[in-house]
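What follows is a pair of complexes built around chain A, which joins chain B in one and chain C in the other.
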Partner chain A sequence: MMAAPGLVLSNISKRFAGVSALKGVELTAAPGEAMALLGANGAGKSTLMNILGGVIQRDEGVALLDGHPLDLASPRAARAQGIAFVHQELTMLPTLTVAENIMIDHLPTVGGLIDFKALKRRTQDLLTRLGCRFDADTRVGDLGPGDQQMIEVARALSRESRVVIFDEPTSSLTEPEKQRLFGVIQGLKSEGVIVIYITHFLDEVFATCDRVTVMRDGMLVSTGPVSAHTVASLAHEMLGEGSLAGDIPTAVPPADEVILSVAKLTRARVLSDVSFEVRSGEIVGLWGLLGSGRTELLRALVGLDPIDSGSIRLKSSGHLVTVTPSQLSRSTAFVTEDRRGEGIFPGQSVEQNLSLPTLRQLLNRFGLVDRSRERSLADDLIGRLGIKTSGRGQDIATLSGGNQQKIVFGRWLGSQPTVFLLDEPTRGLDVGAKTEILRLAVEIANGGGGVLLVASEPEELMRVCHRYLLMDRGRIVGELGRGATRDDLVARVSNRAVDEVLQ
Partner chain B sequence: MTSASSSEIWSVKRLRSLIGQIGFPIMLLLLFIFFSAATPGFLSIANLAALAHALAPVAIIASGLAMVVMAGNLDISVGSIAFLSVSIGWSLLGLGLPVPLVALVIVVSGGVLGAVNAFIVVVLRINSLITTLGTMIAFRGLALELSGTNSHTLPDGVRELGNQAIGPIFVDSIIALLVVVAIHVLHQRTAYGRQLAAVGNSALIASKIGLPVGRVIFVAFVISGCLAGLGGIFATLQVGALTAFLGRGLEFNAVAVIVVGGISLFGGAGNVLSGILLGAVTFEMIRNGLNHLDANPYAYRPISGLLIFMAMYADSFRSRGHRRK
Partner chain C sequence: MLLALAALLMAMHVYAPAFLSYRNLINVLVQSSTLGILALGMTVVLITGGIDLSMPANMALSAIIGGMFIQNGGDPAVGCVIMLASATAVGALNGFAIGYLGMIPFVVTLATMSVASGVAAWLSEGLSISKFPESFFDVLLARIGGVPISVLVTILLTIAGTWLLARSIFGRHLYAAGLSPRAARVARVPVQKVTSSAYVFAGAASGIAAILLTARLGAASANMGTDGVVLDIISACVVGGVSIYGGFGRLYNAALGAVIITVISNALNLLGASYFLGLVIKGLVIITFIFLDARGKNK
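This part shows the complex of A and B:
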């Protein structure tokens, strides 16, 4: 009997500490085919792919490639059988170079020593293919998340593969980087490689994939050709009946009262003369390309990076008072773009991660944390944000990526600060959760708070913002009102990028 | 435009880390000039050769330990491994085995003891600090059992070996240099060495991307054990006797050398060649220089304590930097 060529995952089940993450999932893909794997946060997508990549072991089920059983006992075994994995959470080795990171499991050697010339040549080829402009000898720790994501992709492509898994590969990529990635995927398909593509950007599915498999709560919902779907039908299948979060209420016009005023904030070579104000009830979108200084601005505001000059004033009991960044950080909510590095405390429970900024309000009369109030706070937030967890005691590190992100945002809702500094707060969230976070941002504003919001997707800003600050090379280069279109935003920064190329 | 502006940002960072890296060498140089100027005996070929002689055992042991540290683990049993493996060698010497064979047995025993550590850490998954704290005590106990608490003077023929020199340079200094260079090449230029650094960055990530994490750590402990044995040989030869104090405190000296040499205790970062040489020379020079100054013999301890503290502080800064992005 001749088995059909391609990948077959059949009846895959997995339980974690008694909780089912996968319940008899099926997934098939033919050579040269790109299969989109969709599902809400915590649906089990990464778990299924971790099984295929040998990272975790299935409890039940069959995995075949071209009719032969796959040995998925370890990542090494999976890799040896041609399964390459672009992980959702980056797997970078910061003290090693780009070249070493990419080739670490098959470094070319002569006479026992690494052949650095060959290493460099081979990585440089890959980087060129991906259109990356950094050098193969750069230390990876010196690069930003977007570049690191490209290195993650380069590593997967560095060996001949039969199956390449992309688990949310575009969450930190710029538009041109995304386009190059899609080009690479087309190339893989024409070589007969099986591509499995996980994303929460549903439009990407239509740009890159042939078929789509949707999962919900660890189960298969549907599988079929992409052409049979629309963005709306996919969202519906992912989220199920009626759970498509309603529309975002319109943010009421902001008051005149300024609650945060920043003047001439400067940090050598990173930020220059940044001045702006945020009013009570206002959502200000900070728009700029990766590396424009938007993340650096937020980091400087809360004292994570030092500033050289400038002043910050914050509304406090009716007056604007000058504060230091570290004082500001104590009375604002800050959502970092680097969730894994700075946002979560792995090894701590969901509850502990949620109650962190609120601990002072949870003290009982002995000055100890009141556990029952801590618990009810955690349960309340878990419910409000729809965090998928087996219980508030679960280690946050074992939550799905999107659910970790909900906690990074949600922990601030308990302490109710007036200013929210949000750097990519919806990264990795499914369409429903994204809407929910934006809805909460509007709620915060309507309650009199001020929000400074960074997002890579102009559409996302446009759903909630009152106005936009445009950033480029560490400066605020312009401001647009509510009516601005996507093209207005994009044009303002991309013109400059074009200038740069022409120079 | 992204790459242009971000490369500027990073160059500031590089400058700062450069200062962090060359700060210690500059201090070392100043100390060297100070001792040379302040004492007549310090800057002489004989004294510098004696200095290089004295630091040889700890440099050898620290090189092996550096492998373990690079992998993000710690081995504080190296002093006891030195003692126990030399004690085993001592027993065999008593049975009349030829000296070269005894030396080989000592190094191999060190490797076997290292493998015991490795087994506990890798297979039983016990934290390496706890593991080697246990074996530090256990190995020392076994060694005392084997060689007794009295000191044993080495036979004349063997003791002479400790004074072999080529020109003014002692043989053990040369061997120490060879060992440091060999470990440096192993770390920097072999696939094993790079995987070691990868494991030191994060064992979890290393295993996720398919590296043989257990094997890499295992080998590091074995190398550390072998070099502890080798360092023990030279330490014994320098004393001219096998005493119950052999290797005592050596583990801490070796850790101190590593830390001052800029090899990160967080794992994955550092340069073996410059680090070990810098660290070993620093401590020995201070000890030697203070002797020449006729300083209070206890002055050495607080000064080296301060040095270690400063080095750790610098390390935590550097590591914070690379862990952030």
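This part shows the complex of A and C:
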């Protein structure tokens, strides 16, 4: 057999605790080619890439690069053979600087000590190439998730690579950052690097990739040139027959009744004079760049971050009553952007994850949790939310991201909150799961609740929102009505980016 | 773990027949009861992801305070309440510093340990407090159906505690806060309150252990809380599968762990091994179980 240039993965199989995650998968990619790897959550794409990156070991199959077998016994071994992995989950060391994080596995040395000059110079070169505006000496913990994502990319590019795997690289990037990333990918391609690109955003496939491979249920569904596809045909292949993404029912127009009124909320350097109202049945989109104060606003409302001044009034038995953030949190559901860190309790069952905020309602007359009521609450929510699990006793850590998110969302439903604060609730989810989460938001609004929704994708906001509050540097700088187009929204953000460059 | 215990007992039966005598077994259980109660308190703290090094010193200090009260003619029952209250107060101090002020458990309790054992030695002038009235021992050293009170108390506390941790709101909050404090905060768990309560429980456990141990020894002294006791408590917990990373652990397993640790000590004694060899073996047991804990976590 002739040694073909490029990457060949052949007949790769992997089982986890008796369950097949990959069944004889084939994947090939030529030098200079960008290959999109698509599939719903649980299709096996992350497993396949983790095998290629040496993170997990395959049970069967062959991996060749330019005809030579690859040693994928560890991430280090894979790295040494030119396989770089840009992880979706951030793997930063927050107390170290940007430069130290990027060069952590190959710090330049002089006489056995770290050569800080070279470290800084090389890092700064990389950052410039990626168009990042922060300094190599910045502590990573002081940067937002979008910047951290770019550092993750920089780390992969800091060494010579033959194959670069991007796993959902754009999920926390803003539009300008995304464009810069696409430029970097073009550069890699022209250098003959193989790019494997995992994403849930189908439009990105057309923007960056040459070929596309679709996986479903641990198997290869199709592989071919991107030009042979449309967004619809890709979505169809990803989801298979009968499980198309489905429509979201339109949210009914909100009532006139204001249920949440916020006035002049201020927190030094983070939020200033934020005032707005949310009406019953209304879904309000908070739109702005990362760091514009949208996440910070939600956290301040429920007391997770302190506020300096301002007032919050909440509808309570017919009147708007002034409440403190911690009082507001009692009638509020909050889904944070960080599902792993602030959402799930790994190691605990689906049931315990669901019942945690509503335990008080499940007490028997001895003041202990009534197990049968807890079970029926869990079964009820599992059914109502369509959570795919082997049972309420399953460890939440073993569920797919979409199902975990349904639990993090659904655990609030038992307490019937009036206000829902959703911060990037669909982050990292596949098309189908996204739709289901957004559908839940609409259901809540139609039931009379008020929703504040943060999303980085204008399409997502546009699917469900009644109006948009535009945020910038901790202020609300404008408002758009339901009729706003994607371009209207993007324009607000890109104008802002232009302003910043000019300054 | 029960298998390990059974194997240990079998081995003892072969090598030291005296071990399986009724007297010795009851003796082992009585010895494990103090350790068991301390392990229950430590487990609650370990579930939060913290540690309480001050428990033995706290136990000694409260035993001395209560013991001095009884020795000076105070009512033994009130003396017991004083022991419980003083130990709980020290626990509350730890809890406040760690839960509300965000101080590091290891350092805070190390400091409290130093303060408590210093005060204990100072109050008692390094002597043991004894000569308690008979009524003190009549109740605490009584047996019901041949089983000593201290053993019964430990069994009862273990069952009730296990039950409460699994079924009460506090218990659920405790596991959630230990597993992921950030996620717990978002899910409206009062993390500060829960964390500090854990140390109050550990303090109360030290107080109960102080009462039982004072009765058994017939005296209270600063020597009750040596460094070796901390080692035994932690050994009991980790042998009982309580995770030092927080979020996991069952009280009844920690109590069984206490029995295993006591059996090991007792066995080494009967086999004529030196105290120092005992320390080496216990240290190795801890490392082995923490290794298993770490492996479980990385899976």
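Please note the rule applied: the second predicted complex is superposed on the first by the 436 of 503 C-alpha atoms of A that agree within 3 Å, B and C clash if a C-alpha of one lies under 4 Å from a C-alpha of the other, contacts with A are read in each partner's own complex, and residues count from 1 in each chain.
Keep in mind that, in the parts below, a contact is a pair of C-beta atoms (placed from the backbone, for glycine too) under 8 Å apart; a residue touches a chain by one contact, two chains touch by 3 or more.
None of these values were measured; they are calculated from a predicted model.
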item	value
Chain B versus chain C as contact partner of A:D125, first or second or both or neither	neither
Partner chain in contact with A:L363 - chain B first, chain C second, else both or neither	second
Touching partner for A:E479 - first (chain B), second (chain C), both, neither	neither
Partner chain(s) touched by A:T336 [first = chain B, second = chain C, both, neither]	second
Chain B versus chain C as contact partner of A:G347, first or second or both or neither	second
Which of chain B and chain C A:E191 touches, first, second, both or neither	neither
Dominant contact partner of chain A by residue count, chain C or chain B	B
Touched partner set for A:F134, first chain B, second chain C, both or neither	first
Chain B and chain C contact sites that coincide on chain A, given as residue numbers	338, 341-342
Chain A-touching residues of chain C, taken from the complex the two chains share	163-164, 167-169, 172, 175-176, 179-180, 182-189, 247-248
Of all residues in chain A, those that touch chain B in their complex	54-55, 74-76, 78-79, 87, 91-96, 100, 104-105, 107, 109, 112-114, 116, 133-134, 139, 141-146, 155, 174, 268-270, 289-293, 338, 341-342, 472-474, 496-497, 500
Residue numbers on chain A that touch chain C, as the complex places them	304, 329-330, 334, 336, 338, 341-348, 352, 355-357, 359-360, 363, 367-369, 371, 411
Touching residues on chain B, where the partner in the complex is chain A	1-6, 8-10, 12-13, 185, 189-191, 194-195, 197-198, 200-202, 205-212, 268-269, 321-325
